[in-house]
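Heads up, the next two complexes both have chain A, just with different partners, chain B and then chain C.
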Partner chain A sequence: MSYELHLLNLALVYGLSALGLSLCVGHVGQLSMAQAASFGVGAYAYAIFGVAYSLPSWAALGAAAGVAVAFSFLQGFIARSLAEDEFVFGTLAFNVMIAGLLFNGTDGTSRLGSLRNLTNGPYGITDVPPLPSRALGAEPWLLTLTIAFVVVILLITSYAAIASPWGRLLRAIRDSPTLALSLGKKVFSERARAAEVASFLGSMAGVLYASHARYIDPSVASTDLSVFFLTCLLLGGAASFWGPLLGSAGVVLLPEVLRLFGVGGATVASLRVIGYAAVLFALLHLRPGGLLSRGEQPGRRGAV
Partner chain B sequence: MSSFLNGGCPPAVLRGLGLKKTFGSHVVFESLDIELRPGELVLLRGENGAGKTTLIDLLTGNQRADSGRLEILQEDGTTRVVDARRADPPTLARLGIVKCWQRPELFWSHSVRDNLRIASSGSEDSALRVLAQAVRFSKPGRVPATEEPDPYLAEFGLESLVERKVTALSFGQSRRVSLALSAIVGTRALLLDEPLASLDREGTKAVNQLLGQLVEEKKRAVLVVEHALNERLLAGFDYRVLELRSRRLERKEGGEPTSSGVGSPVDLWTGTLEGGTGLRRYGPVEPMGDGGFLLRFRSAPPEGSRPLLSLERLRVQRGAWELFSPQRGQGDGLSMAIHSGDVAVLLARNGWGKSSLAKVIAGDLPATAGQVLLNGQPTLDLPSWARRRQGLLYTETANALFGNLSVAETLRLKVGSESLDGLRLAPHREVRTLSGGERQRLALHCALNAADSRLLVLDEPFNGLDRETVARWLELFEAAALQGKAILICLPA
Partner chain C sequence: MLTLLSSALSQGFAIAALGFAFALVYWSTRIFFVALGALFALAPFLVAALQPDLGVAGAVVSAVVAVTGLSLLLGWANHERLLRKGSPTGVHFACSLALYFLTAELIALRWGSDVQSLATLPGLSEIVGGRSFLLPTSQLVAMSLCIALVTAVFLVLRFSGHGVKLRALADNPVELSRSGYNPVLLRGMAFGVSGLVAGGASIAIAVDLAVGAHSGMGALIPAATATLLTPLGRWRSLLVWALSLGLLRTVVTFTTSGAWQDPVTLGLLLLGLLGRRLGGWKVWRPWGPGLVPRGAR
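Coming up: the complex of A and B.
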């Protein structure tokens, strides 16, 4: 049973991160390559507060949320300053930088969590406290319930944001930044807001991931993971609410489906990569706007 | 304010003072002053490249000036001064100064209602308010009643369209929605770049009515740039003319009364083509079905030769509609024949399929039935480049020139010689630095002078052109017709 819960946890966590990313990519129309940076920073913040400073799980979650808010302003700054291609490369560079900091944040000897050894570098951090508390131990049911609880609260808030006039304004900016500007909309600030919310949700997903995996290393902030989140998002449909959630569930469950066909173990890992590529190609061809799109791309129309 | 009460001119709502703008070594304005008063329609005139669009952009913050300032009179009577070097569109929009583009710019994935809501929303769409609502769990996502933009709809006659996606609007309707968006935000001054371009009669009427409301009832200051042949469509208005000439604004008293009012499109275009050239209308007005007409002009009688271009029962699928079909009252398709020496003018409403027809003839769009014959040879199976080799030349409204080539390079590529005969453009300028009208001029020049062309298909060639250029094109049309070429011109009516 615990394997199914393991998959469910992953689907929830990735879904939350992909949904956050959808605000930036699908709604306001800026392709961010730095969602894993937020994910990794959230995961590390939770782990460091929980392990090095021995905070109780809930307190570590709260403190990590504070770090997530602070970190989101960095992502917001990038979104405010750069647009289009420059934004893609800017976020990619930012992600590489954060991953590099996490990888090199150690001198090998000092105490974990001190300035000289903030992240333990490539060795990662072990024995990360589980949610809801260390005392209750790593009970799979409790962990899944807690993750689901946090995710659902954040999803409801996100849903409200997406359906609100603010969400509508974001999509309007995606359609025509020029028109939005000339109607008095603060396009650059709104892009920053969207990137901040995206980053916050990504960091919170990272926190939950750390409590689920119990061990983290710098790969939680790798650019591969950023691409993975984009894959989840594009699979499901970047500008819908359910799309990113569905896409993440699909990506998590795809190897299990392959297992049904007698493909398992180490083969899965390599097949999975090919599988992603095949599915992505098929999807981009059949549904350019994602699984939940109606098959048509919002965009220009030709003069009749 | 006092002068207004005294019956003098009301104070200006928007003033541009000492505006200077250069592009590299090219000086557009040295030190330009302009003022717009409430309840006034101003027509901005000027040669192509004189800087009409640039001036609109400077006044709305879409481009930044090298020096100068903008003064905006606010509702409370105070004046707000904005440095024209640092002006940006949101700041000016919040002060009620808005630009409207020639090509309707809309939020394409939204409905008409949402487009209007986005324009009219004040602080409802702020992220902080949304967050506060979410924290209080106060029915998030519900649109507050105060946000309903119904009054706007009644004013602009858009009630029947509100539920539609803007992608499902006709060209004329999207122009109206686009103007409505600008008018919602532009509570002081509206600066419109060719608001009547490409509109048919009905669309022109609707937009004119809207302009009238804005100027007379709402007392907005409205500045309009319109190409030479469309000025006559403003005939019903009392407007002031400003002319941009050699980097300065000159005031002209009243519009020269051109043809009075809006006559029938057939008379209008007959007058335009016959005036000043030896071209004369020839044969009857040929109905093309669905309200479209074909007029023929020649300067020499036909020699009874085989037609250069003939269409036989042509039908075209465009999106969900089949053009030139029985459902549109056009029998079993569109047929016409154009002979050597013809200058044929196709007049039809927006949505009739003029641009689609031009594309089918050129080979950019497939036909579902019928045939296109060039010199008597079926050409529907030929790719566009092969049709070009047979002497067919097609110029789009938004013409395809290469932005990084200079004028001289473009001429060498498209015409084969660098002769600038009558073009009035510096040969070294890069195409992307040309104004909209200048580009149109260059594209037409290339089309008319290409040595091996025999049939020209021109889609709305007069957009963005000044008076002098229009007169010159008409002469060139005549010359081309005398050489035995044929021209098909598509125009909205």
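Coming up: the complex of A and C.
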């Protein structure tokens, strides 16, 4: 696969996940730290169905989407039950739990996909089938086209949802939950629904990532990845539609910029994290609504 | 059995010391001071770097002073600015998390990703014990230091009046400032003491085990869990939760593996938070969840 197509695939996949997160963070105003958990569950569901049960790629995609829907209800339950600072730590706890289950889900001897060895633990799962199929998977542009196709369908659906009366209701809840309550709106239920959609989009991004990388390990559900998605989101703009996509492209291209300056080797990983953290810190202080925003105040539009 | 118990106690008091540091800021300002994890990781590296020039005592004092100063700086430059803008909790959390990653990676760049242990300091290599158990001196020293830290913080808050001021700061900072107190100074005190306790706890833990550039978050997770599960302002309950978590984590390690420690700890936290919200038990929280009509859910 050419390097440019690899970067494009990553930007699309991360952009989809960040867009999902924007529903929670930007449109409802609740900081979720569990997007990587959804991403990891989607990736593992696709890999297990494709490798352990040898399902064709599209069937594995459909089955993983079913798992993603079921998993999203768990996140919805958390969003329905917790609010504010408890929601932040609740989702963080949930993320660490899922990462721990993926890491520890093996006995080292049983068949992959069985209850005793569901995830293969720290060794991860190799030879994940690419989309659209194993036979055609050798064509890199075809994989990119398939990923782009799935992402565009989900983007159109998300755009319709954000622009619909439901999307406006979410923003009304973010701006004034008390007012929304006084109008008879079910604030906690709508927050839960937004968290469910966010989780579903994150899981689908995980499916596409597994199909692209063809190898996954428990790091796909790490807390670091949740922070990474948050950086992508805040870079572009938490409450804008295109912001998460542009932010993801920017974050994916950041290491390439470092490489232009001759920075490479072992230090590049540390410098990349420092770069993400510095960008996140500066954005939250200077432009909490993201680069595409008009300098809104935190706590208002697009703030976490 | 005695080995398990001593290990649980040692871990429990370490969690309690860091929990007290975390709660000092969280209970008085409602800020998740996650960057404290990075300050926790920094202290042992500073001691190891300064020890050849300053000796053990000088290096420990300098490291604790440096960590305290850095904690004050983070509180003032980051959280105080965000408070002035009226930023919500999530922004404080995300900013603090960014500072955590920034500092941890800077530590890794400067001193590498290997863990730093202070067990090689003079007089820590002996073993004490009875017929049925053996205990390294380093573990005894670490546990004693953590107990001393926890006791000192508790006594200062209980008998100096600062505890009441911090509680007033949590309850109503506007009313507090009307009464002639400076909330900015009080918040600064909370951040400073928090850094001091975290630095001391970190050095104590590094005497027994080892601390790495990226181990701050792992250490902060049980401490934050104990704090969040404890009713606001109940320091003795925080100690009980910390010791219980120490026992739980030790039993988990003995019966399964260390990799299950964090998932089990945070599973307990999630259950606790959900149980509290769903009416399992009630906790006094001055900001409260607000009055939510039954139909709103």
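Here is the rule we use: the second predicted complex is superposed on the first by the 292 of 304 C-alpha atoms of A that agree within 3 Å, B and C clash if a C-alpha of one lies under 4 Å from a C-alpha of the other, contacts with A are read in each partner's own complex, and residues count from 1 in each chain.
Basically, a contact is a pair of C-beta atoms (placed from the backbone, for glycine too) under 8 Å apart; a residue touches a chain by one contact, two chains touch by 3 or more.
Bear in mind the structure is a predicted one, so any value in this text is a computation, not a measurement.
In the overlay built on the shared chain, the residue A:Leu31 is in contact with chain C alone; chain B does not reach it.
Of the two partner chains placed by the overlay, neither chain B nor chain C lies in contact with A:Val257. Number of chain A residues touched is higher for C, counting chain B against chain C. In the superposed model, A:Thr157 lies in contact with chain B only, and not with chain C. When the shared chain is aligned, chain B and chain C each come close enough to touch A:Lys186.
In the superposition on chain A, contact of A:Ser176 is made with chain B only, not with chain C.
When the two structures are aligned on the shared chain, A:Ala70 is found in touch with neither chain B nor chain C. Contact with chain B, but none with chain C, is seen for A:Arg168 once the two complexes are overlaid on the shared chain.
Overlap of the chain B and chain C interfaces on chain A comprises residues 178, 181, 184-187, 298-299, 303-304. By the touch rule above, chain B contacts chain A in their complex via residues 60, 62, 88-90, 93-94, 98-99, 105-110, 114-115, 117-119, 121, 124-127, 129-131, 133-134, 140-141, 143, 147, 167, 170-171, 181-182, 184-185, 318-319, 321, 350-351, 353, 355-356, 397. Considering their complex, residues 25, 29-31, 78, 80-86, 88-90, 92-94, 96-97, 99-101, 103-104, 178, 181, 184-189, 223-224, 227, 230, 234, 267, 270-271, 273-274, 276-278, 280-281, 284-285, 288, 297-299, 303-304 of chain A touch chain C.
In the complex of the two chains, the chain A residues touching chain B come out as 156-157, 159-161, 163-169, 171-172, 174-176, 178-187, 190, 193, 197, 298-301, 303-304.
Across the complex, chain C meets chain A through its residues 30, 32, 78, 81-82, 85-91, 93-95, 97-102, 105-106, 108-109, 217, 221, 224-225, 228, 256-257, 259-260, 262-263, 266-267, 269-270, 273-274, 276-278, 289-290, 292-293, 295-297.
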